[in-house]
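Next up: some structures, all given as structure tokens.
Here come two complexes built around subunit A, the first alongside subunit B, the second alongside subunit C.
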Partner chain A sequence: MSLLEVDGLTVRTSDGRTLLDGVTWDVAAGARLGIIGESGSGKSMTALAVLGLLPAGMRATGHVRLDGTDLLALPPRRMDAVRGAQVAMVFQEPLTALDPLMTVGRQISGPVRLHQRLSRTAAREEAARLLRLVQIDDTERVLGSYPWQLSGGQRQRVSLAMALACRPRVLLADEPTTALDVTVQAEVLELLDDVVERTGLALVLVTHDLPVVARVAQDLVVMRDGAVVERTTVPRALAGDGAAYTRELVDAARAVTALPTPEAR
Partner chain B sequence: MSTPLLELTGVTRTFGRTTQALRGVDLRVEAGRGVGIVGESGAGKSTLLRLLLALDSPTSGTVTYRGEPLDRRDRAAVRRFRRDVQVVFQDPRSSLDPRQRVGSIVAEPLRSLRVEGDHRARVCEVLASVGLDADVVDRYPAQFSGGQRQRIAIARALAPRPSVLVADEPVSALDVSVRRQVVDLLARLRDEHGLTLVLVSHDIAIVGQLCERTVVLHDGLVVEEGATREVLTAPREPYTQRLLAAVPRLPDATPAG
Partner chain C sequence: MARHLLTRSLLTRVASLLVSLALAAVVVFVVLRLLPGDAAGASLGVGTTSDQLEGLRAELGTDQPVPVQLGQWVAGLVQGDLGTSFVSRQPVADLVAARLPVTLPLSLAAFVLAVLVSVPLGVAAAVWRRGPLGVVVSALSQLGVAVPVFWVGVLLVLVLALQLGWLPPGGFPRQGWGDPAAAVRALVLPVVTVAIAMSAVMVRYVRSATLDVLDQDYVRTARSLGYGRWAALRRHGLRNGAAPVVAILGIELATSLLGAVVIENVFALPGLGTLLLDSVEARDLPVVQALVLGLTAVVLVVNVGVDLAQRALDPRLRLTGGAR
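Moving on to the complex of A and B:
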């Protein structure tokens, strides 16, 4: 049984442009779904629509069912309760989610206290634990820092820690490792894998980076121009089965990840 | 040796009492010789770029531009500097003014630097060179995808034809085909117009394609530096070796690869 079901999701702007066209996929508890596609193909828009966070003036039609409940039909108040607690998101640009006027410690322990009903000190400890989980070692300093005092990769990991803080059932992670160097990236991907394994979280990993998807996801949704090209699996995509467009993406990724040598050869 | 375009000598930068982001760094950027800066998250790469751009001052050590320290209060000097050196910041969202339309954002350096010629045509030209249609000029930054915003920031930096481009993870949000377009564009500007690149990227393949020299930063110190080819193919430092080993690669479908 799928936990989150996106069914015919269509998004239009107020001036009638169609940004998403009948997007359909689903993800089960404990499963890892990758969404790939080129820049502007509608990956982030899909995640925002699922969470009911579309920019003003845009309209979503179709269905987004969490355990059978259609989120698109929920009144805003009830949607607020779903967001974060049931379905959490790591935004592509971490500053979107981080409050510039609040220390990291307060930003993480706030939701932790709310959702896990912990005392202030226990919540602070939980926040530190979450930071260690995302490979931040100097937790005390980072907890006391404001977002602008952190490096790009540190911010990205803080926003992942925040998303995990409420122990959501579904995690929509939009390019969660783009600001990370490869060594930290590998560790964060392993962490995501581990969280899925241990908690049965459903992971939706949005990325333009095929090697990243290949490392974590089994199921794959390929998007182009706001629509789903195909739903496939990572092994099938890598083997060159299925849509020609997917093959193009795979070939392009292979060509690029072949390591350099600039002037040489 | 000629005067470097930009130079850091014995630079440290400490935040608060304890955060030593840079712990004694020397770096020379010479005309026509691009420098790639790689290193772990938190290593001090963005801090180093801010110092190079004189957007921040070192705790100790010196920063020079064409042999002289840049005085941020000297408006004429700052204008000369900006004419020469443009920048793409790591976070496009916060570097693009949300209240301005894209056309105006990309034209901003042309206006403020009083560049001659048809600004509108130049704006469309640079936008096209990063794969964006001319009709994006009327939209606001928030109405774009992450990768599109990143390209707007690149277009703005390239608009006044700088001689140095300092770019912090400029292609991190771009998929391989757009990324290739941007990398090819930068390579062409380097080869045909002598653009000097100072590039922070965790994508080592890109540093390999664009930069002659590579500097590996670890925990606020330069741990390895040299010709890119050597650093990337025969790294001496264990940290650099780990960095290269961790580059994600697609598993091969066929045994040969």
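Moving on to the complex of A and C:
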């Protein structure tokens, strides 16, 4: 049974341009879905539309069902309660996604207290636990730091800890490794993998980077120009079965990086 | 280490403040001596002999070379002596002290009122930028900025004082604050006038600072974690929006004093502004230079205060000694 079902999701601007056209996919609890496409293909917009956080002047139609409840039909207040607690998101650039004037401790314990009635100290302890979950060891120092005092990799771990703060069932990760150096990328991907393993949440990984998807995801949605080209699996895509556009993406990625062959997985 | 940097930057600020003040003193003094006319001529009027003029000039000390006069003035300032009026022969400090009970409440009340009006309006105009409120606030603020402050004062006097008779059109009770009700009534229209002019400017800055925060990724992050629109703005906007707004508040605090100086003349209030104009007319240079230097000092001190407030708000300035 799928946990999150995106069904015919369409986004239009107020002047009538169609940005997303009938996007349909679903993801089950504990599963990892990759959404891949070039920039401008609408993959990030899909994630924002699922969360109901489209920029002003854009309207989403269709259905986004979480356990059967249509999120697009929810009144704003009920949707606020879904965000963070049911569906959370990790953004591409952790430096701007975190508030520069707020310590990490307050940034993580805030959402913890928002959804769970916890005391200040209990929320702080929960924040420390979350930091350990994302493999940050010197929790006390990091909790007292401002985001700009941390390294890029640490910042993205902190973002992930924030997103996990309210124990969401679905985690949308929008290019979570694009702003990081290659070695740190690998660590963060491993961490995402580990978090899914441990928490059993459904991961939706949005990226332009095929090797990144290949490392983490099983199911694959290929997007182009605001529409889904095909729904497939990572092994099938790597084996060259399926749509011509998917093969193009795979070949292009093979030309610059060593992609695992289907047998090696 | 952070504390050490803070102390050092505070000392640097105070030192540069003193240098600026000294420069301002020299400039004010020299520029005023370049003006045509002098106190002796102004007070004796037409048809006086040059002997009389020379006598009065010797008495006032204006026959001395300018550098000597400057030295005497600065020596007095350092000892806390603002000088003596050429006209009334009273200490300048006493003249200023007599006028402060009008100007100080006027400018402070106008400032507070302007903050109370412009901060909520500016935030609301940003949040509902496409709604009717946003449009109306922007239009009113454009209008308020375009219209000169004294014209607003004249308009208010015409309607609220002369036509409706709700408030006095000008003047200040003879007993001053000895008659508090009358003193307050006398200040209402001037305060509102200055506050309108200030709010028009401030609301724009508050609006744009809020818009800036609303566009930030961290506000979207907060929304993605379940904070509502207002909750996200409160959580991240207060500090992030405060830094630019504090800078404007500082400028506007100084402006409120200047606005009071202008508007006192519209409402015939016995404050620093009327004292300044009267003294200029009489070429009462000690009074003029003390007032101009005093206003300069207020602006400089407010700037240092703004700087310290921004450091307190933004840890990046505090912990890295200013460099990002």
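Just a few scattered comments:
Just so it is clear, the second predicted complex is superposed on the first by the 233 of 265 C-alpha atoms of A that agree within 3 Å, B and C clash if a C-alpha of one lies under 4 Å from a C-alpha of the other, contacts with A are read in each partner's own complex, and residues count from 1 in each chain.
By our rule, contacts are C-beta pairs under 8 Å (C-beta built on N, C-alpha and C of every residue); 3 or more make two chains touch, one makes a residue touch a chain.
Predicted model, so just to flag it, every value in this text is computed and none were measured.
In the superposition on chain A, contact is made by A:141 with subunit B only, not with subunit C. Residue contacts after overlaying the shared chain place A:253 against subunit B, while subunit C stays out of touching range.
Contact with subunit B, but none with subunit C, is seen for A:183 once the two complexes are overlaid on the shared chain.
Shared-chain residue A:73: touches no atom of subunit B or subunit C. When the two complexes are overlaid, the chain among subunit B and subunit C that reaches more residues of subunit A is B.
When the two complexes are overlaid on their common chain A, residue A:96 makes contact with subunit B and with subunit C alike. Of the two partner chains placed by the overlay, only subunit C lies in contact with A:85; subunit B stays clear of it. Legend: residue contacts after superposition of the two complexes on their common chain; A:44 is shown touching subunit B, with no touch to subunit C.
Of the two partner chains placed by the overlay, only subunit C lies in contact with A:163; subunit B stays clear of it.
Shared interface residues of subunit A (contacting subunit B in one complex, subunit C in the other): 93, 96, 149. The touching residues of subunit C, when paired with subunit A in their complex, are 130, 216-218, 220-228, 235-236, 239-240, 313-316, 319.
Of all residues in subunit A, only 37-40, 43-45, 55, 92-93, 95-96, 141, 149, 151-154, 157, 174-175, 178-186, 208-212, 214-215, 238-240, 249-250, 252-264 touch subunit B in the complex they form. Those residues of subunit A that touch subunit C in the complex are listed here as 51, 53, 56, 76-77, 80-85, 88-89, 91, 93, 96-102, 110-111, 114-115, 146, 148-149, 159, 162-163, 165-166. Put simply, subunit B touches subunit A in their complex at residues 15, 18-19, 38-43, 45-46, 90-94, 142-148, 151, 168-169, 172-180, 202, 204-205, 207-212, 228-229, 232-233, 242-244, 246-253.
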